[in-house]
């Protein structure tokens, strides 16, 4: 039941062709150390699920710049010109998902739900190819779950059971992705003993966390 | 005062005390600087908090607005995850969403997330905001940098939302969308003919159309 | 923007025929003071949405016992024999909803979602009359949102902006109902100034709370 | 040791170290008392927490299990709301769900939430638990109080779930459901004929069927 792992050991989990979710919003709340291991592992043909593709020279942006990603599912790519370039050159498949829908799809993946009905995207390109359903006289899109082989998330503090608290705007997609992958690895600034995080303030319960890595802790 | 400031100042006058407001990237972030005295708003940041305030101390790398710029929080703030953030947005708990536009039309359609084959920043939270916020205000300069119209009969770019925009504020005028585009206010020094010249869409002039009073801009 | 209200003033908000959501799980985390006001107000023909109907002599159980409820939407009624009696005698319409589905339907009501797809209830009476949808080869039920005119919820502590923290198992349905009604009234044990609740630990953001009542604070 | 204790003790032996387990009301709550040494489980309580433990101090009115009984929590516990509780349950984050039954059948169907026209307690969390938990164990006395069979060819009461039950533990025997009912263990002093007498459903006897070893009950 020891969930702790060194950053070094993380490298071994990545394989070509994997689907990987990564927390963070424009790099804030992104697991920089885990992404660095993924970079140095060399896995390619990845499907990446993340809110955005950050910046060309930081975080998951580097995975894009290094042509390691063949499919990106995100809500926003404007801050990384390389993503747009690869998309327009058809080197990278980009599936743009409204941010709230992306959050719900990941939540569905983690919560065992088969999808949600949302009005977001009705009457736009987003509705193409989707099941539509009218309920209570409103037209909705049926948005399906997203799951990954691995979720890489970032928290401020973990206890040894994996209970997590986050830091400010660094929370974003991390708590959702923590339920939505077969292997969930969290990078934390600080590891404490069980009992040191008030159970009322835990955001992510430890049972969903498989591995804990302390930032900078080689 | 430049065009952006004029627009931000006019939008600020649309806000009521206690409104929960989401401010898009760029121009809309200027709005809190122009709130009339006695009006306090609660700013929602879709990356995960309520109670966004000005940056007071040193920037904290974990505390940025939805555009990634360092910011502060006010007393009574709350952090949450992206699902909660958009539950608030989609669920009607955000009173006002202020966004920029590439194009907006007389049906209340908005286009602000892609120029096919050229620039595709993505919709981010804009589609949810326009779907869920109670009042959607477009705050933008009246024309593009090369002088072409952005207020159209029908948007030609891919839509962000269909028929959700209620108000358009530019440095020339304020329109409401109510069975078509209605001119409600003219900025000082701007004529109705000037607006028609810069607006592709046809519009009606409200019988109550006023020159925006000085104290409102 | 003063959200504070005395328990006494609460009485005026209730009307015959209203749909009312009430937090609590077997009475734990139930707003006892608010329910007492609803009892003494006399409103009837209510639709009540709650996890359970508690006990005949406590909390919302009394509303059932006093024949004030004509329709109950709940997951469990076994602890209140009067609920079962009225249901079998057809004096009370009871709509039983699986607990997880009840939580999601209320969440949908608050989150502007048109519904969720769940496998829960497939092959049981619960699927009767519902839209079914097969996605990724799994058969799902489409479960629709629930909203109320008024939500009565209970928290441990509020600040004056309405930010809430709960107490232990008293959290349950309260944070979900806080988003899902036109008027949301919270009963708290303690009211503090803004800034006294750590923004990282807030469970329900104040913007969704309309009125705050302090327990016992007449 | 009475029947309930025998059942709880045998179910406890099904649990692996670190399992996340949801325990139904009544009999299943006895299980933690019988965990073998070296086995620690994490108990999920569907009213909103992980890390349920025995009551150590004075009862706290806000800390009860899903049956409303006062309980405690262990170090490393976490509280959450009902949506998160069932996200964990439905999403496959609960390894084992142990429930009682009115009836269970050879197809893995379970009935435990209503007797039409008589007693309708409601399904509570049982439908989500049986849908979402990775291993669904029915822990119950073999027959009803009046001696009728509860393990049937087909449930006659309204179902809680369709085909999700994998294991049945009674004071007489342990069955797995694997293309039909398979007898895997007999309790000491119980014959296969005894089990057939008390079981309406047909069952096959596993070639590996054993008398539950003393240390397992």
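Note that the chains are named A, B, C and D in the order they appear, and that numbering of residues resets to 1 at the start of each chain.
Everything that follows uses one rule, which is that contacts are C-beta pairs under 8 Å (C-beta built on N, C-alpha and C of every residue); 3 or more make two chains touch, one makes a residue touch a chain.
Because the structure is a prediction, the values reported are computed rather than measured.
*Asks:* Using mean Cα positions as chain centres, tell me which chain lies farthest from chain D.
*Replies:* Centroid comparison gives B as the farthest chain from chain D.
*Asks:* Mind checking the centre-to-centre distance between chain A and chain B? Centres are C-alpha means, answer in whole Å.
*Replies:* Between these chains, centre-to-centre, one finds 29 Å.
*Asks:* Could you please state the distance in Å, as a whole number, between where the Cα atoms of chain B are centred and where those of chain D are centred?
*Replies:* Using C-alpha averages as centres, the distance is 55 Å.
*Asks:* Please tell me the distance, in whole Å, between the geometric centres of chain A and chain C computed from their C-alpha atoms.
*Replies:* 32
*Asks:* Chain D: which residues touch two or more other chains?
*Replies:* 49, 79-80, 86, 89-90, 131-132
*Asks:* Two or more other chains touching the same residue: where does that happen in chain C?
*Replies:* Residues 104, 107, 112-113, 118-119, 166-168, 200 of chain C each touch two or more of the other chains.
*Asks:* Take each protein chain as a node, join two nodes whenever their chains touch, and name the resulting shape: line, ring, star, complete or other.
*Replies:* The chain contacts form none of line, ring, star or complete graph.
*Asks:* Strictly by the criterion at the top, what is the full list of touching chain pairs?
*Replies:* Chain-chain contacts present: A-B, A-C, A-D, B-C, C-D.
*Asks:* Please output the residues of chain C touching chain A within their complex, sorted ascending.
*Replies:* 104, 108, 112-119, 131, 133, 135-136, 138, 140, 142, 144, 165-168, 198, 200-201
*Asks:* In their shared complex, at which residues does chain D touch chain A?
*Replies:* 17-18, 20, 40, 42, 44, 49-51, 73-80, 84, 86-93, 131-132
*Asks:* So in the complex, the part of chain A that touches chain B is made up of which residues?
*Replies:* Listed in rising order, the residues of chain A that touch chain B are 25-29, 51-52, 74-79, 84, 87-88, 94, 96, 98-104, 107, 118-126, 166-176, 203.
*Asks:* Which of the residues in chain C end up touching chain B in this complex?
*Replies:* Spelled out, the residues of chain C in touch with chain B are 1, 107, 110-113, 159-161, 163, 179, 193-195, 199-200, 202, 205-208.
*Asks:* Provide the residue numbers of chain B that touch chain A in the complex, in ascending order.
*Replies:* 45-49, 60-64, 66-68, 79-83, 85-86, 89-90, 109, 113, 117-128, 131-132, 158-163
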